[in-house]
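Each of the next two complexes has subunit A plus one other chain: subunit B in the first, subunit C in the second.
Right, the complex of A and B next:
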């Protein structure tokens, strides 16, 4: 199996608090894995372990075949990280920030302007970051994360609290990076975003990984397969739910359509949040 | 550790440093402290004797006094101007030398020489200038001194003027503030702004970061110390010994700065550490200002082992061989402190990630 990232039996505790409890998963090149979980589920701790900031209490991490550990410049040269907290050099300009980090990666002839254009910051390239808005800072963080064309990209809540335009820019970049072949690990508690972007999603709650699968498989497995038909006759409106697994489902739908009373038909597909609640017994917005 | 990464970090810090008010203050500090030293200790407590002369001819007295070091001589355009000058206390003593005064002295006519003293002048300055003038007059008459004066100073330490005694203290202040504060402040800033976390997920290692901060602090401190010594006229004829002393001192201070920087999580904690512990580091200065105190106590302070050589070189003319043992001790202290940084940096990295 072609694996970009392989995490096996990862655990981490903050004193007595077990933040991550023996989780294992893998990530393939070009794949986006959405890490879904409420606050305190262990998403950020997992990213810190995967990026070498924290040493796991147990388990191992292999990044493109090499063991990932703290102070491993070779491994860290191949990753890109965008943290939830804005950690840019505020007294540097956007351009200076990117140039500084490109030098740390040893990139020669780095095209700062192209990257700034990509994140829609070219017009503010020479302004100090302290004058940037929240969305601009996040876009610059995203640009910084992809400065080295990483093989594995870690994104911790990259669109949290952003305006729709900034969020869309960031989502486009995520898709672009995956198309380029980068493996992307995205933590979020926005189930819509995870559904839209992720090839697979992982449900994390209280440090335990409950499920890792494609959104479609999860919906198939845990969601209701039914359609809701709204019928109207004069002032009388009624709804009928038809289970798709039922033997006569097709006949019943045909019958209703032919009755001329159908106002609307909706599929009753479960959302990732519904499935998360069903699996973990807990909501995502906690 | 990679030299390229360290250099990249230093170039980033240099760019940021010149935009930081604290770093800019550290750069101008030697000038400010020297100015304060000159004004407070030299101009107020240890002023040079000042003489003002109205010389209508070209008297040898004037020319002889112009050659004397350690006094300030000014000329008045008329006797009235000289009087006004003295009344305003712009000079301690004024002399009116009429044309032909020198010839009258040589002819043995015993001409009158009028002194004008400023009421506010120090008695010591009056005596110094009076004796100087009398000495010049005696030479003009071609008379030998009736006695040979042999200068004997009492305690060698006491013979050094206070302003000069303070020069090592000023250098120590620069060493402590720049040497400790630059690496500590830069580390704490990286932590406070979260940028250290951003650095640690690049190929940059903690060692790269610590070394770059220490190296920048080292370069800035050595330069600032030499500027301070030059401004205070204390660059002795022992450049090697002086360089070795400042290097040893900077190593100790940079290591202390790294310890502060790794321990403090934010600027507030750093300032508390600096305010509470730097006073202890400056302890040896007391033993130079108050020589009656038991000197062995000074040796307890790590800073003693480079401040004493600095004192000996700048004020007593000691050379490298006189101070090499103490400098070796200072270097050993510096190395031990650097070793202590290793576990502290691991602790810092863990705390930072959590």
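Right, the complex of A and C next:
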């Protein structure tokens, strides 16, 4: 199997608190894996282990075929990380931040302007980051994460609390990176975003991985196969739910459409959030 | 394994970044030049010479000779006492009052002093002393006046006051224990130069502490460690930055105050070692504090004890054991000796060795603690 990242039986504890409990998963090149879970689920700890910032208590990590460990510059030269906290150099400009990190990666003739244009920051390139808005800082974080054209990209809540325009810019970059062939691990508790972006999603709660699958498979497995039809006749409005598994479901839907009373038809598939709650017994906002 | 050149390139990139950040920190960009200028001005306004001769003014002037006879002339030396006669008592008082060092002490005798002495009647003598003359000197002067009375009595009796005593005076041999600094006293300006250098070094330690704490507080260190930069590269870069900051300020100060007329090679080694110690202190302070105020607090806690040996050099006598055990003692002693007394390598070598050992210990501790702190982010 062609894997960019292979994590096996990873565990990590902060003292007595078990943050991650023996999780295993893999990530293929060009794939986006949404890591979903509420605050404190162990998402950031997992990313720290995967990026070599923390040494797992148990388990192993293989990144692009090589064992990942702390102080592994060869492996870290091939990853990109966008942290949850905006850890940028505030007294430096956006351009200076990117140039500095390009030097750490040993990139020669780095085209800062092109990258700044990609994240829509070219017009503020020479302003200090301390003057940037939250969305601008996050876009700069994203630019920094892809500065070395990483083979594996780790994104920790990259769109949290952002305006729609900044969120859209970042989502476009994530898609673009995946299309380029980068494996993307995206942690979020925004189920809609995960659904839109992820090829597969992993449900993490209290350090335990409950499910890893494609959103469609999860919806098929846990959702309801039904449609809800809203019908209007004069001032009277009523709803009818049709189970798709029923033998006469097709006939009934055709019949309603032909009746000219149909106002709307909605599928009744479960959202990822519904499935998460069903599997873990816990909501995402906790 | 990465090549040495790629590691050096990473360290250089971090150092340049740190210097850029330092140059944009308003606090340090104001504090650094101000403190440097303050130190240079303080140095320049201090006296650059030491007068070892005490000038004694005597009124009336014809009695100056009697005072001179008190001085042991067997050696033909005045032993640092110069006697000047004044024709007017007010002139004498004014000369002492001016406090310009012209006359330190004045003795005004009544014009009928000798007659009073010879007739056995009580006379009154005025002694003028400038405010800078210590109390012991004033007591010695009172004894001097009494001696003068005896001498005058002998002179007027037609005898040499030193050879006609009823007792034989012993020969006096002054033995200086330690080095005799007579004739080559170190001016205050030169004595304070090493103290100012050490102060500058440790002020810059606080600047580095600020850079380290910001890296921790904003968690930018974490962003560095997911690149090919290692923790060791980051720590080395911080050490280099601290050393550059501390050394450059010290060099500027010494250039402005003529400090490199002394053994510049030893001075450079001492500044390098001092800058290393300052870097260690900066890293320790930056690691300990959680924010700017915390860093400043811990920085002060670390810096004050290190300043004590420098301050103690202003006072005579050997420092206490506790002071001699402080990490900066060897550095201070060597700097004082080389910068203040033009001492050479033979004097400085043991202190350099001690400072090297302290630098290794302090930098090692700073690396260990900062590494732990960075890796726990």
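The rule we apply is simple: the second predicted complex is superposed on the first by the 286 of 286 C-alpha atoms of A that agree within 3 Å, B and C clash if a C-alpha of one lies under 4 Å from a C-alpha of the other, contacts with A are read in each partner's own complex, and residues count from 1 in each chain.
As a convention for this text, a contact is a pair of C-beta atoms (placed from the backbone, for glycine too) under 8 Å apart; a residue touches a chain by one contact, two chains touch by 3 or more.
Everything numeric in this text was worked out from a predicted model, so none of it was measured.
Report clash or fit for the pair subunit B and subunit C bound to subunit A in the combined superposed model.
clash
If we overlay the two complexes on their shared chain A, which of subunit B and subunit C does A:51 touch? Say first, second, both or neither.
both
Looking at A:234 after the superposition, I want to know if it touches subunit B, subunit C, both of them or none. Which is it: first, second, both, neither?
Neither partner.
Quick one: is A:281 in contact with subunit B, with subunit C, with both, or with neither? Answer first, second, both or neither.
neither
If you stack the two complexes on chain A, which partner ends up touching A:91: first (subunit B), second (subunit C), both, or neither?
Touch status of A:91: both partners.
Which subunit A residues are contacted by subunit C in one complex and by subunit B in the other?
51-53, 70-71, 73-74, 76-77, 79, 81, 83, 85, 87-92, 96, 100-101, 103-106, 144
Using the touch definition from the top, list the residues of subunit B that touch subunit A in their complex.
2, 4-5, 8-9, 11-12, 15-16, 19-20, 193-195, 197-207, 349-350, 352-354
Taking the complex as given, what residues does subunit A use to touch subunit C?
Residues 51-53, 70-71, 73-74, 76-77, 79, 81, 83, 85, 87-92, 96, 100-101, 103-106, 128, 144 of subunit A touch subunit C in their complex.
Show which residues of subunit C lie in contact with subunit A when the two form their complex.
2, 6, 9-10, 13-14, 17, 20-21, 24-25, 218-220, 222-231, 375, 377
Spell out the part of subunit A that touches subunit B in their complex, as residue ranges.
14, 48, 51-54, 70-71, 73-74, 76-77, 79, 81, 83, 85-92, 96, 100-101, 103-106, 144, 154
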